[in-house]
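Both complexes below contain chain A, partnered by chain B and then by chain C.
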Partner chain A sequence: MQNIARTLQERNIVVVTLLCCIVFYVLSPRFLSVDNMSAISRQIVPIGLIMLGQFFVIVSGNIDLSLGMASVLFAVVLGVFFGLTGGVGIGLLAVIVASLAMGFVNGALVAKLRLPAFIVTLSTLFVAQGLSGLIISRGQQIFLMGGFFQWAGSEKLLGIYLSVWFLIALGGLAYVVYNHTRIGAAIIAIGNSEDNAKLAGINVDRVKIGVFMFSGLCSGFAGIMLSTRMGFVQPGLDGNGLLLDAIAAIIIGGTLIQGGRGTIGGALWGVAFIGIINNALNLLNVEDVWHQVFKGLVILAALGVNWLLWQSRQSEAH
Partner chain B sequence: MTKRIDMTGIGKSFFATRALDRVDFSCVSGEVHALVGLNGAGKSTLMKVLGGVIACDEGAITVDGVAVRIASPADATGLGIAMIHQEYSLINELTVAANIFLGRELYLGRTPFLDKREMARQVRTQLDRFGLTLDPARPVRELNSGEKQIVEIIRALMSNSWLIVMDEPTSALSEEDKERLFEFIRRMKAEGVAIIYISHHMPEIFGIAEQVTVMRDGKIVLSERTGDTTEAAVIQSMTGTELDDFVKPPKQIQGDVLLEVATLSKPQHYENVSFSLRRGEILVLTGLRGCGAPELAKAIFGLDGGYSGTVNYRGKPLSPGRGPAVSVRDGMGLVTENRDKNGILAPLSVRDNIALPYLEKATRGGLIDGGRIDALVAKAIRDTSTKTASAAQEIRFLSGGNKQKICFSRWLDDGLELLILLEPTRGIDVHAKADIYRIIEDLALRGVGILVLSYEIDEVMLLADRVITLYQGRSVAEYAHPHFNKDRMLADMAGVGTQAATAH
Partner chain C sequence: MTSISTSTTPRLSGLSLRYLVLLGLIVIASVGFGLANENFYSLTNFGILLRSIAVLFLVSMGMTFVMLTGGIDLSVGSNVAFSGGVGVITLTTTGSAPLGFAAAVLAGMAIGAINGVFIGRLRLSAFMVSLATYALARGLALVIYDANSINVSNAAFLWLGGVSWGSMPVVIPFVVVVFVGLSVLLYNTPFGRNVYAAGANFNTSFVLGRRPERTLVWIYVLSGALAGLSAIVTVGRVSSGQPWSGLYLEFDAITAVILGGTSLFGGRGRLLGTILGVLLYGIIINGLVLTGTNPYLQSLIKGMILLGVVLLDTWTQRGKTS
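Presenting the complex of A and B:
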């Protein structure tokens, strides 16, 4: 069993994903069409951005539940600024400032007041949900027309959507920071043992707050991408669905939910995997309810593998 | 260039207790200075002063004749003093090199990017210098205890430490790793590192140390070149001969044999251990940390099955690793050495902690009879003389001694036949200790067989009807009350006369 666990973790999410592609192709040849692949790539952008923020939070031993609903809030914020002023720049700026501020609040409460991240971010989740409903009431929509949204939503470079390029760029940046700067080492150290990280001279509180601010910023980016993709915003969007997809992607990618270990590459493949499952189940006209059951089972399997890995680590430590 | 550190006239009191009484202690680069003493002799207090963990009341510390102030662990690090603890301070998921450079990483030029190649190269250079082989790119989680210790030491050396304090460094090491550690220490000596080596293993001390210092009751009682003294002299000065040892009054044990252990072995832990225990008897296993006794006790309790040999309980063989639930049903109890982790349920009240084992007994028609629980709890608090504001008090606010009494109270039930105690008075004050000893004696009088693991020789003398000394997993000798000889027992535990191939 442990062999299975290890093999699955070692980049074999890639193999699993490709196998799924073959199966879906056999079931529906349209699956592998350029158009469909392109659609998948665009659909996973918000999940991918939330995943990048969440990844660092999880590796550092915490969780940020607010990211999904926060991204909906920030999409609404962008829409309102656009609706009021007709200007895009000020809306983008407002989203970036607000998302960093939200991350700071989460991080400060967790790091300085030593409150559990689960409870802090659950609370900010509800606050974000409430605020987005407060700004524009449920059922109401703001349409986002005009140059920027048109351009950001549908323009391609080398056949790939701009939003996808943005995800690739931010993913690359996250990869470098995680693997090639002291920040990455500090985050892993904190996720393994806060005490030992402190002993090594790491400013644990500052790193934690920074991690939450980055995750907040990622939810801001996700909000922007949501609005550009759909061309309208409304408070009833399923932000929590995005959040859960992102967490699932991270775990499927071999990151320990307990923190301290994980790879960005694995998590990005996890996002692709989730995107493909979501897409294929739509394509195959699977009923919505079964769609979720199937996804749930896949995540459960991934969690099982994750647990086995953790067990093997415990026995190694002995 | 030799460096030296001198601690002179160091004094420290905790309330009325004189923990350090004008102690002089020095260490010179290129030498190993062994520090020996029983628990509570003042060794760790002295090292905490040196490490900046606690402040001394009086005395001075000089490095190469220059007075220094060590007010915090950072001060000690700044002076090149490093403490290697038994619990490692490494990050499992990072590589060897990343651990060594954690918090003071090297960068590629002026970029924010890490220069992993250069860090690995520097680590490799250091390892080579000491004749060690270890891949700097390996994650620390894959290393064994000995390799982790090496990483800790290399990390200290690479942050310019010249004085390394090692606390019982061999207690968790295999023979092979010990050999490697000794070779490492010899190389460090040659490179001008000073080492303070806290240990009780006489063969190790006389194998690698130049100087040995013995502490007792906060004072230095012996400090000699190892060539000018003997293992026996060191042992004798540890215990002191002027005091008459207390031996408890004789008692008749008439119970039949309750537990019989025959040729119990588990590689790396214990080897070929045999003994028996009668009802009403208190048998104490003793040795140094790493002597294998806790693992032995856990095997008997059914927590661990990977052993060979047989355990007979009430005349019937026990199946290995059957789990604690079966053991408890059969009348066994265990008080662990780590009560905060495995003993108490910290968020709950005193009452709820005590009630745990009585819940079944106090259940009527599927519901718990609160009144009956209250009565049982009140009785348990009385019987163990637990000091608590009320039964509703949260247990985490109690002192170590009172928490321990509550751990005992779980087993005061009539059904108990065998009680296993691991370090029953660890971290407990004198008064609570006396209460715990009384509880243990009362249980023995009731006919319960009691198996104790203790590392404290005075406790062994006070408590035991019979003593078995262990060294590196083998039983050395057996002593029956009242023929306890403290020096002989300590010599057994310290491996005196054992040919340690490692330490020459």
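Presenting the complex of A and C:
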């Protein structure tokens, strides 16, 4: 069992992803075309951003269920500010402030009041959903045209969309913070054992609140990218689908859902994997209704692998 | 054993105080919505109200067992759609209502068994596992129905959810029977004591040989079975099976159970509290629908209610311990 677990270590998501690419290429040669690859890369940006936020939350031993719906809310916030003032800067500022505030509320309730994260974020999920439909009249769409949205949504640098560069940059920053700073080490320590982290002199509450604020900010970024990609905003977008994709990517990327262990690289490959699967299901004309079945099965399978990893770590510890 | 019984005595008085408060709030809420809507007090509306929250009663009782063990089941709403689909397809292919009933309940139990094995045996976190089955069951429901609803006309299959004796929907006595049955299971059997033990302290319960891992598996199967029963009621109520039925039902159930005084951390709570919690929450939701409240405002209010109740609970419990 442990050998299976070791061969399924996080790095091997790379092999699985590349194998999938070959299979999909054989089934549909259009899959590996430049156009399709660049479409996939743009599709996964919101998932990737939510994943980065969720990654730190999960490594610290918590969960944030509100991120998907929050990103829909923040896309609407941006649209409403743009619609009212015609200015983009103030909209972006509003999204950043609101997303940090939402993360702070989640984090403070979890850290200071010791409430379970899934209950707190389940209620803020509904608050976000409600707000997204209240600040814009029902059924209304706001179109986001011109200047910034054109630029951020379809401009490319070295053949790669700007939004993808943004994901790469934030991913790189997250990588450095996670692997090479005391904050990263503190997050891992809290995920392994909160009591030990406290004994080691880590300000657990402050780190936890910081982690939730970062995840809130990531959902704000995801909302911005969502709105620039689509060119319009409306409430009732499938925020929970984004959340499921991001969580699936993290589990597939070999992050322990019990907290305390995971790699950003693995999780980013997980995002690529999810994007490729989503794209291939469309290319191969698999009916829409099957997509969610597939996703549920992928998460369950990844949870099973995750369990094997955990077992092997338990036996290493003894 | 003695230590358990002595420790529950003071808690019970706390719970009965809560039940009185809940009863008071139920009265206040009904008076409020009665003033806002003149149809609220009619016997017919009361029948409609009870029928519309019958499913919430069933699912919330299952959720109470789950939350008593310190777990959560996010899959019940999707499971209602999935097991309803299996039941309806079985009915239309065989033409037999009993087979349709059995298929719906078995399908619900199957999703519950997946949850139970991953959560109970593999000890994976309940919200993560049930989030996966939340996606899986909804996806399977969409596949079964091919994303369309299927009309059902079989009188026997629709009886439980659709028929009323006068103003009394048949499903209400059924809910009472289920409540009595589950109360006996929870308070008068070794299984029930294992549920409380697993929730109060899993490891102690394990050392004492109570096999909490096995209890957990059965808890989630029970929750799935109640989702299957809810599916039959849901199909009966609207005379059709729908792939998007039960959406966000898990959220309503969790709120109602917490409102009813069951601890988020397991080991404390009673089924009676859940019944009162569902009544209060159901009256509020029903009132919001009757007064034509914007659905997004309803979401916001629901989110605030859950957060408010959880905050109030923590606040009062901190007050007691300090």
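What to note about this one:
Keep in mind that, in the parts below, the second predicted complex is superposed on the first by the 315 of 318 C-alpha atoms of A that agree within 3 Å, B and C clash if a C-alpha of one lies under 4 Å from a C-alpha of the other, contacts with A are read in each partner's own complex, and residues count from 1 in each chain.
Just so we're on the same page, contacts are C-beta pairs under 8 Å (C-beta built on N, C-alpha and C of every residue); 3 or more make two chains touch, one makes a residue touch a chain.
Please read all numbers here as calculations on a predicted model, not as lab measurements.
In the superposition on chain A, A:A185 contacts chain B only, with no contact to chain C. Once the two complexes are laid over each other on the shared chain, residue contacts for A:G147 go to neither chain B nor chain C. In the superposed model, A:V120 lies in contact with chain C only, and not with chain B. Chain A has more of its residues touched by C than by the other of chain B and chain C. Look at A:G159: by the touch rule set out above, it reaches neither chain B nor chain C.
Residue contacts after overlaying the shared chain place A:Q258 against chain C, while chain B stays out of touching range. In the superposition on chain A, A:P29 makes contact with neither chain B nor chain C. In the complex of the two chains, the chain A residues touching chain B come out as 176, 180-182, 185, 188-189, 191-193, 195-197, 199-202, 260-261, 313, 316-317.
Listed in rising order, the residues of chain B touching chain A in the complex are 89-94, 98, 102-105, 112-114, 116, 141-142.
Chain C makes touch with chain A in their complex at residues 72, 114, 118, 122, 124-125, 127-129, 131-140, 142-143, 146-147, 251, 254, 258, 264-265, 294-304, 306-307, 310-311, 314.
Interface residues of chain A, counted against chain C in their complex, comprise 63, 65, 109, 113-116, 118-120, 122-134, 138, 235, 244, 247, 251, 257-258, 288-297, 299-300, 303-304, 306-307.
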